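Presented below are the structures under discussion, each in the form of structure tokens.
In the two complexes below, chain A is the common chain; its partner is chain B in one and chain C in the other.
Up next is the complex of A and B:
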């Protein structure tokens, strides 16, 4: 794994594991200093923004879903909402509730996967969820059963769990029948209890004493734990409208990179999106059970320990089940599945909260309802700089250990962010951090 | 060392959804772990072993020189190589670049296109190496994936249907969206396997399992698609997740001839 010369020490992780998509990590140390940290993403670019041009607005949700198999709803929902905002399409509250249930189901599936199969093994020194299941079968089986409820809900609302087919500009192609949804009540009741147990389980993990300063950025709403609408809030007190996102955040293309790096204009500091950011900015709007469990765990905010993201995900599972249960119980189909609309030339944008954090879409459309230009900012390209900063913060404490240990611990830091490299409309190829003198 | 069959899951350009299907086998995953040895499954395990592998499940299309090398090595190390999904089997949605000037695409996304290294074409796995079985779908279907793994473990050929979506759609009792509502639908020319979900959700099939055996593409265009859309629109619609599959690509080109001819997949993509 390593190759050392008299002075330089090089640590190479050829394949990052238990992350979505494919990347490598290179670290070059010179004596006791960090010469270079390279997160090398060899996931090739796929050009979504280019081939969306000229496509019908009806295809945008189906096409952008294929950016990511783990969070297709995040892409579909952000896409249809952006187009609806361009054309001023009002979605009735009952349909909005169903869409929210669908989004919550994706959180359940994605957080369930990350907690049990990708992240928790790190806290037990296991290579995989399967290995963890040998030592702790009950916890892994509970996790799989919970994840399955998320997927099953997506199948009912969207036909299938991966790349569902029911979301349309204006609403849904078809609404579920009440009995289809009501059949989920028992599952959600079980899921709520299970997610409480999961939060207690992960809350008892031994966390590395590691802190990395950050600015949290997430959607914020006065009405509910923001997922599908609201303003963009930052933990440094800034607040801006969705439509102003591009004025405050920009992307730049760095050398040797397929990534367009997100940064806040006028700031060199990285920022962080995702479950930890959401909990910090929206704690008051968490459901009562999630808050009660957070207090029971004596989990103090703010925290700048990225390993705590697993607690944030578990609390969001409670949120998803408690709120989802309420939506299911009160669901009564009313009105039509899909609102009528008239395409006009215009621009629309939307921001939602993917499991991994804030996602932005903007479309310019022509009067035939075709896409003229598209812009998509996925969560992981926003967390990129934060991940690199964490590596930089942690490496000095790891220098006395052997290469395998350093590599393992760097991978753990990366996994805290549940990075999705497949969201590669624009994502990092090689980024170098040089030692700050 | 274990004596269980050695399974590898390998990814090229794709969304991760097809290999996620394996992790979505929540009821079967732990049992599967007892009958096969996950020798290389980077999304699921940090324990990665070199080949040889008994079965390699391959997701994604080939879009870089580096990936061609990786694929050749994988083929040499694998007794059976199975492609999973539309990217690996037909080039995927990213093969839309095959119908365009890919330098144009680069310029549309990246400020400095000279930094990006990618091939001009996105090609299926079978254009580069021998493939033992192709599992269709964008994404693949969980039941079919389990059938494929089980069959190869038994030493038999997987039984996956080659009928068109219309058959399971009828069996499901869905009212035909073409006949009843005039909704354009690719069901008559698309391979079954998804469970005919789109018509059941009141929309037309958009072909994510790729062409069925001997599809009558012209008849579909003339009798279904062109009833409700213009030829360029119909051509573009055929050009999506399986747009580079020859049957869909040829008909799409007939309906909507491009000034740039779709490049032949047998020509090796040049590096940018």
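Up next is the complex of A and C:
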């Protein structure tokens, strides 16, 4: 795992554990100075943006859902909203609320799993969720029940839990009956109480005293805790419309990763997306119970401790269940499941908040409604530079320890971001090489 | 529910063979059981209520072709590839967790279907499709 010489020290973690997908960590130290810190993503790029070219707009949700098995709704929802924006399709409020419930269900599943099986073990000195299950089976079972509730909600709204099929450009292929949704009330009531318990649990964890400067970036809305619409806000005060995203952000290749790195144009500094960013930029619009519990925990913002992301996820679980319960109880179907529309040549884009953070889709469509070009920016590629910065910040405090300890603590830092490496390997630009005759 | 067949897979090439076999078993109706398909092994823990016998059908890499393999859990003869499964919870890890949480029935059989193509967004190979009938018949002969 490491090679030591009199000057250089290399620490290599070949396979990061308790993250989704395949990645490695490579650290090169020259005596006490840090020469290199690289989050090596070696999953093969998936070329989804190329697959989408020439496809009907009706296929885009199905295809993009397969980018990620953990958060298919984030991809599907952002895709259909982008196409709807190209064609001026307005979705009725009742359908928007069902879509929001669908998205909240994905948050429930993702956050519940990450908190209990991937992140919490780090706070108990456990190597895995399996080990945590030996010491605290009730906590792990609680996390699994949350995942089950999220899955079940997606089955009802999406037609199935594996790559849901009901989301369509213009609305849904089918609306649920009220009684189908009302059957979820008991689970959501349980989930709300469980989430409060979880927030109190994680709020009592012992957090490393670690600080890494960052700029938080997330959707922000004046009306609600932003998930599916809003402007792109930054904690440094910048605010821009979704349509201006590509004017402000860029993706670039790095030699040590098959995943692109995102960067704000004109800045060398990294930025952070995800639950901590959302909480910072939308705190006032958290539901009453989530705010009450945040106050109870005496959790103060701003925080630049990425380990606090587990608190942010727990508060978002409360948000998801409290808001989800309200949507379920008040749902009354009205109007059509799917709005009529006419494809025209044009461009549309959308940004939503996947469990891991901001996700951007842009499509150029022809007059037959086929995709000409596509651009998809997932959350994990946006956090990679921040992750590497966190490692740079932490390493000086770890250098006196052995390699295994250094590696273990670096992995813990990475897990704060719940990276979905499989999503982030989505694209390579092919450079044409002209050969001379 | 007493006997439960679960097909595990994904849309990556031949990795969907477990789904196709379990769906075919259900359609043919020759085995008295419940039938489910999942993509994330951890989802297994959601569906074990009242299960007394669990038969998992999954694509297996590293086996001889044209044979159906049976392993009785617990076993160390199989492992989960690092790149598959959710967050490092492949099938083996999910079974260990289910065991730890006392969710598993006493009789758990893992059925391995030999395949060797797992590319993302690739269709299942025609030779694998052609073998499904044979694999289904083997399972019916064993469990009907």
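The rule is short, and it goes like this: the second predicted complex is superposed on the first by the 420 of 437 C-alpha atoms of A that agree within 3 Å, B and C clash if a C-alpha of one lies under 4 Å from a C-alpha of the other, contacts with A are read in each partner's own complex, and residues count from 1 in each chain.
Everything below uses one rule, namely that a contact is a pair of C-beta atoms (placed from the backbone, for glycine too) under 8 Å apart; a residue touches a chain by one contact, two chains touch by 3 or more.
From a predicted model like this one, the values you see are computed outputs, not experimental measurements.
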Using the overlay on chain A, decide if chain B and chain C clash or can fit next to each other. clash
Could you say whether A:397 touches chain B, chain C, both of them, or neither, answering first, second, both or neither? neither
Partner chain in contact with A:334 - chain B first, chain C second, else both or neither: neither
Is A:267 in contact with chain B, with chain C, with both, or with neither (first, second, both, neither)? neither
First, second, both or neither for A:127, with chain B first and chain C second: first
Touched partner set for A:53, first chain B, second chain C, both or neither: first
Broader residue contact with chain A after superposition on the shared chain, chain B or chain C: B
Could you look at A:33 and tell me whether it touches chain B, chain C, both or neither (first, second, both, neither)? neither
On the A-aligned overlay, A:62 touches which partner chain: chain B = first, chain C = second, or both, or neither? first
Chain B versus chain C as contact partner of A:70, first or second or both or neither: both
Given the touch rule stated above, what does A:367 touch, chain B (first), chain C (second), both, or neither? neither
The clashing stretch of chain B against chain C, among 134-142, 224-232 or 260-268, is 134-142
Intersection of the chain A residues that touch chain B with those that touch chain C: 15, 17-22, 43-44, 46, 51, 63, 66, 69-70, 113, 117-118, 128-130, 133, 137, 140-141, 144, 147-148, 151, 161-163
Given the complex with chain A, which residues does chain B contribute to the contact? 11-18, 20-21, 23-24, 26-27, 29-30, 33, 38, 41-48, 63-64, 66-67, 92-94, 96-97, 100, 102, 104-106, 108-112, 115-116, 118, 138-139, 194-195, 197-198, 200-203, 206, 208, 233, 236-237, 240-241
Please give the residue numbers of chain A that touch chain C in the complex, ascending. 15, 17-22, 43-44, 46, 51, 63, 66, 69-70, 113-114, 117-118, 128-130, 133-134, 137, 140-141, 144, 147-148, 151, 161-163
Contact residues on chain C for chain A in the complex? 10-11, 37-40, 42-43, 45-46, 82-83, 86-89, 93, 96-97, 100-101, 120-121
State the interface residues of chain A toward chain B in the complex, per the touch definition above. 15-22, 42-51, 53-56, 59, 62-63, 66-70, 72, 109, 113, 117-118, 121, 127-131, 133, 137, 140-141, 144-145, 147-148, 151, 159-163, 165-166, 168, 173-174, 252-253, 255-258, 260, 337, 408, 411, 420, 422, 425-426, 429
